[in-house]
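One structure coming up, written as structure tokens, with questions to follow.
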Amino acid sequence: MNNDLAPGGKLTGDALHQLIAKLYPIMRSITGPGVRESLAILQTLAPLDIHEVASGSQVLDWNVPDEWHFKSAWIADASGKRIIDSADSNLHVVNFSVPVEGEFTREQLLPHLHTLPDQPESIPYRTTYYAEQWGFCLSHKTLESMGDGPFQVRIDAQRKPGVLNYGELFICGKSDREVLVSTHICHPQLANDNLSGMVLAAALAASLSTSTPELSWRFVFVPGTIGAISWLEQNQSSLSPIVAGLVITGLGDNSDYHWKKTRDGSLWIDQLMAQVLNEAAPSTHTLLPFSPYGYDERQYCSPGFNLPVGRLTRGVHGTFAQYHTSEDNLDFVTASGLSQSLELLEKIAAAANRDIIYQNLSPYGEPQLGRRGLYSALGANNDPGKLQMSLLWLLNQSDGQTSLSTIAAKSGISMSDLDEAARLLEEHQLLAPVRHASAD
Amino acid sequence: MNNDLAPGGKLTGDALHQLIAKLYPIMRSITGPGVRESLAILQTLAPLDIHEVASGSQVLDWNVPDEWHFKSAWIADASGKRIIDSADSNLHVVNFSVPVEGEFTREQLLPHLHTLPDQPESIPYRTTYYAEQWGFCLSHKTLESMGDGPFQVRIDAQRKPGVLNYGELFICGKSDREVLVSTHICHPQLANDNLSGMVLAAALAASLSTSTPELSWRFVFVPGTIGAISWLEQNQSSLSPIVAGLVITGLGDNSDYHWKKTRDGSLWIDQLMAQVLNEAAPSTHTLLPFSPYGYDERQYCSPGFNLPVGRLTRGVHGTFAQYHTSEDNLDFVTASGLSQSLELLEKIAAAANRDIIYQNLSPYGEPQLGRRGLYSALGANNDPGKLQMSLLWLLNQSDGQTSLSTIAAKSGISMSDLDEAARLLEEHQLLAPVRHASAD
Amino acid sequence: MNNDLAPGGKLTGDALHQLIAKLYPIMRSITGPGVRESLAILQTLAPLDIHEVASGSQVLDWNVPDEWHFKSAWIADASGKRIIDSADSNLHVVNFSVPVEGEFTREQLLPHLHTLPDQPESIPYRTTYYAEQWGFCLSHKTLESMGDGPFQVRIDAQRKPGVLNYGELFICGKSDREVLVSTHICHPQLANDNLSGMVLAAALAASLSTSTPELSWRFVFVPGTIGAISWLEQNQSSLSPIVAGLVITGLGDNSDYHWKKTRDGSLWIDQLMAQVLNEAAPSTHTLLPFSPYGYDERQYCSPGFNLPVGRLTRGVHGTFAQYHTSEDNLDFVTASGLSQSLELLEKIAAAANRDIIYQNLSPYGEPQLGRRGLYSALGANNDPGKLQMSLLWLLNQSDGQTSLSTIAAKSGISMSDLDEAARLLEEHQLLAPVRHASAD
């Protein structure tokens, strides 16, 4: 993908969009070959390890289901014409359906058909992972044009023992404190939810791998719910280094950004996200309170684990028309929406890595900055300028307990400006790092 | 009163209003036969015990006054015509007046006459419990039509040693933690303030007595100030089980509800009342800060006792024209106003009793609700439905420290819906009660 | 100045303005004869001690500069006409300039000339304390009318070893807890910033000296930055009695009042100032968050000292056109602006001195106020009146932990009304002082 990199090596929005287009036609589910094929494509971006958990394994309160091997699914009318065919859209079959073959009257078929009467052109996305059921999803318009039957119905699919797969990538930083980035990988043919999250997580991992970050970063690519539960089962004894986490999904559309807070609501990552979003998208982001519904934050934030995990999305599940329908397609995610999100994720990572608590080494009165060339020789001007304000804020607040993100929030100065000024003060032996903010 | 019960045994608004009408003509004061007669009528609703404190007893910083025995009071003009007569309204005599008989000029009489110039048709309510005084209350219109006199004046009343009475009813619950409900019983012929409080307290007590509540409930029916002080004097060594308290008064009019917070302002009962009022009257209630003026919360919240007591009213004393006047009559309180308030009080009691802190027994990840028939088999729908949201909120928040009322406030789900869902989770061994919220 | 005192001995606004007019023409700087002459004039108001720190002394991270002895400065055109002359305004010379004498072309001179293009009539104020520089300040209009030169330039000034002076006055109160009042004294010919602060600090000191205040008060009159740093150096071992501090400056204009909070933002003095400003200027004051830019609060609030010091001004530095220009003159400060500020400072001092925490000595129930003549004999009135509300608030809140200023904030009753009522309750043995609020 080298020819799609922007100058400086960053993936362009177009490159990200092309990767999504490559993943889009693969029939994914929570288990089976679709997941493996998708993870293999992500490995071209970042060197994920692929893990396996055997079907039938007990994971926390759950059991890992069999693999789902899907070939095709269709409904034909009396004339043999295929009215619905999974060749047209992977969404047409209720995901994880058991096989079926036979003739059905309209009345017999209807309980197995799912439509969106309010969005008559769209095919909904439905699943049946944990029940022995089958079904089809179709546009309401198609349903209304179907005759009385009889209909030939075929789902050629198999549930059989195998494994559940997930991907994982650990980037070892200078500190063993970890930031968890989790994204779900099980949705078939939905571009924003969650091919956008998959490619952006891999792209961020690639970007962070180019040097040794301050914090360690752990990326997990898991089938929704059962994948997160499997990962938690397998890693429950090694969760303590996690100081923050982001579930990322739905980041390729053009909606405003939303940070759903951690279960606590006022942890370090909540403060950091508020600050970074305020800098990056001051008037167009929203902080949402925690709720127990949503994506895999449901598992990470269950009371037994209570991990410091929130969720970053653009549009919020259930609040936009394209959600879980055939309209969440390659037009709904845009190159610009993706590249903005990658830029935001890189800002978040940079801010997280640099959120240091400093100690002023000359804390009694202001040190004489002018003598060190850090202050204008001409006094009594109205406006001290951004660098001088950064220096003054850092010196005043660096009492060994106040982090850059806290100073940024108080001062209105960006974290990157403060970071730059802090390095200058370090050079002049006026400031020394004490610890990372996440160690509070 | 059986024929006035609604289906299900609840008192109707009409029945409550009739009871008020029966109490209305009795000449009450802080002591004397009027209090005894009134308590006897309340005993037809709920089995109060009637207590006595002898006149002259020291109670905290006060002394119990003598009983007031009132017969009649009038002012006649020179022709012998009675211009003012207590037979027309008990408010005409300043309550607790010493006896008087004689002829007075207008000038001599004026200092003893009380009117409301701004409300010329209304008779004010005035008292003189702790001074050797007498007086009359009359409409300003009557005052203006009185001639120059001389006037014959008679108050046939006696202060003599006896007792102060108060009523008390203890409903022993499963826990010895108590909720105190206090209402004053001393006002003569004022329907809202406080015959409404008297009959509603008795009705709530009757309703709570039909089964064993979770908490214990203590109802006290006391003459204002001196009665509360007497009750506190007699019970000062047994106040520690009180975990919450409500002074209730003025609940029969049609004004919005007002919760005056406890002295602390953020106790369990404050949170509970905010939640219940939010559910029952979301846009038409007000939370008032504590102030040391008002009803008997003044005594319960004195700094030595500092009990967790707030006050529930509809209209607030001193803020509506009918307050402490002859306009606070049988038309001012309505059957619907009373039945709404009884319903609200029962909701408060139910919410208080059921405000349990639970522990999630499967706290690592979400338990698999689908396997237990508690979750839809068809996944990926937009809207999880109220029951499923209740289950998720309860499981996520039940960490052994978070009460139903806290979860209700966070989730926007009503306490009764959460309560129902909690019982379902208890049946499935997913939730276990830890303690009552008031035990925080 | 006796004939300028108002009845009762308080300085009038006119007297304060006349004092400012006397100080206005003196050429002040951070060191030198101007400071000494100015302090001597302030001594006519209040008996300041004048301290000296030798040039070259190390003070914290700084060194005390030499004295600046200024005689005159001018620029003459080719014809010998003086275009700019310090005889017209002390602002014309960049303060602390090194001497210069010679002929300059326009191009050579320009880097040494400072104007305000946006305010073409005004002369800016500039300084160069810590660099070997010289310069002139002039109106932009004058600059534009200057020809091409050559120009004769002369600054007759000397930097030579001597001392830095500051003034200090300690008023020993009943308690050794101190309130620090600091004002800067180095600005030449700027009436509001800071001749207003200098004369008002002296006037407040004079006023507080007339009796023994509850708290001790320490007034310091220091050259900006280096003076505060010198004072901190010399007093660093005796700062612990300081329970509050106010930097005062810019108090003679007619802008609204601004309290810039302490570094902590919620200390006793912050609460007190919020209360006093709310009483004195309810709709026309602003509470500003702390920031590390401003006046000498920068030094007092450096993290090593972290003194409980905020700042009181009317207009805020850098936000009004007259700031640090020749427009900050004797017309900009007014007698009424000054007398309002003196009145406010006296209210602050009174409130600070009287902010006592009391204990209710009859805390169980309300004490019977009527028996003590403290409550109306006629009951059931709507409005209890201000004194009775003050008594009730004090009795209810005085639990040995709640200060008058807290009660004032909760009740909406002024501190002086509460103070008066508290004294009445003390007389009746119902209230006893426990400690001063600053001892929290």
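Order of writing sets the chain letters: A, B and C. Residues in each chain are counted from 1.
FYI, a residue touches a chain if its C-beta (ideal position, glycine included) is under 8 Å from a C-beta of that chain, and two chains touch if they have at least 3 such contacts.
Since we're looking at a predicted model, the values are computed, not measured.
Undergrad: Draw the chains as dots and join the ones that touch; what shape do you get: line, ring, star, complete or other?
TA: complete
Undergrad: What is the Cα-based rotation angle between copies chain A and chain B, on a 0 to 180° scale and rounded to a multiple of 5?
TA: Rounded to the nearest 5 degrees, it is 120.
Undergrad: Copies chain B and chain C touch; is their interface built from the same residue numbers (over half shared) or different ones?
TA: At the contact between chain B and chain C, which are copies of one sequence, the residues are largely different (under half shared).
Undergrad: Find the geometric centre of each of chain B and chain C from their Cα atoms only, then give the gap between the two centres in Å, rounded to an integer.
TA: 54
Undergrad: Can you tell me which residues of chain A touch two or more of the remaining chains?
TA: As it turns out, chain A has no residue touching two or more other chains.
Undergrad: Where on chain B is chain C touching in the complex?
TA: It comes out as residues 60-62, 94-95, 114, 124-131, 133, 135, 225, 228-229, 232-233, 236, 263, 289, 291-293, 298-299, 301-306, 317-318, 323-324.
Undergrad: Inside the complex, what are the residues of chain C that reach chain B?
TA: 360, 362-368, 370-371, 377-384, 389, 392-393, 395-399, 410-411
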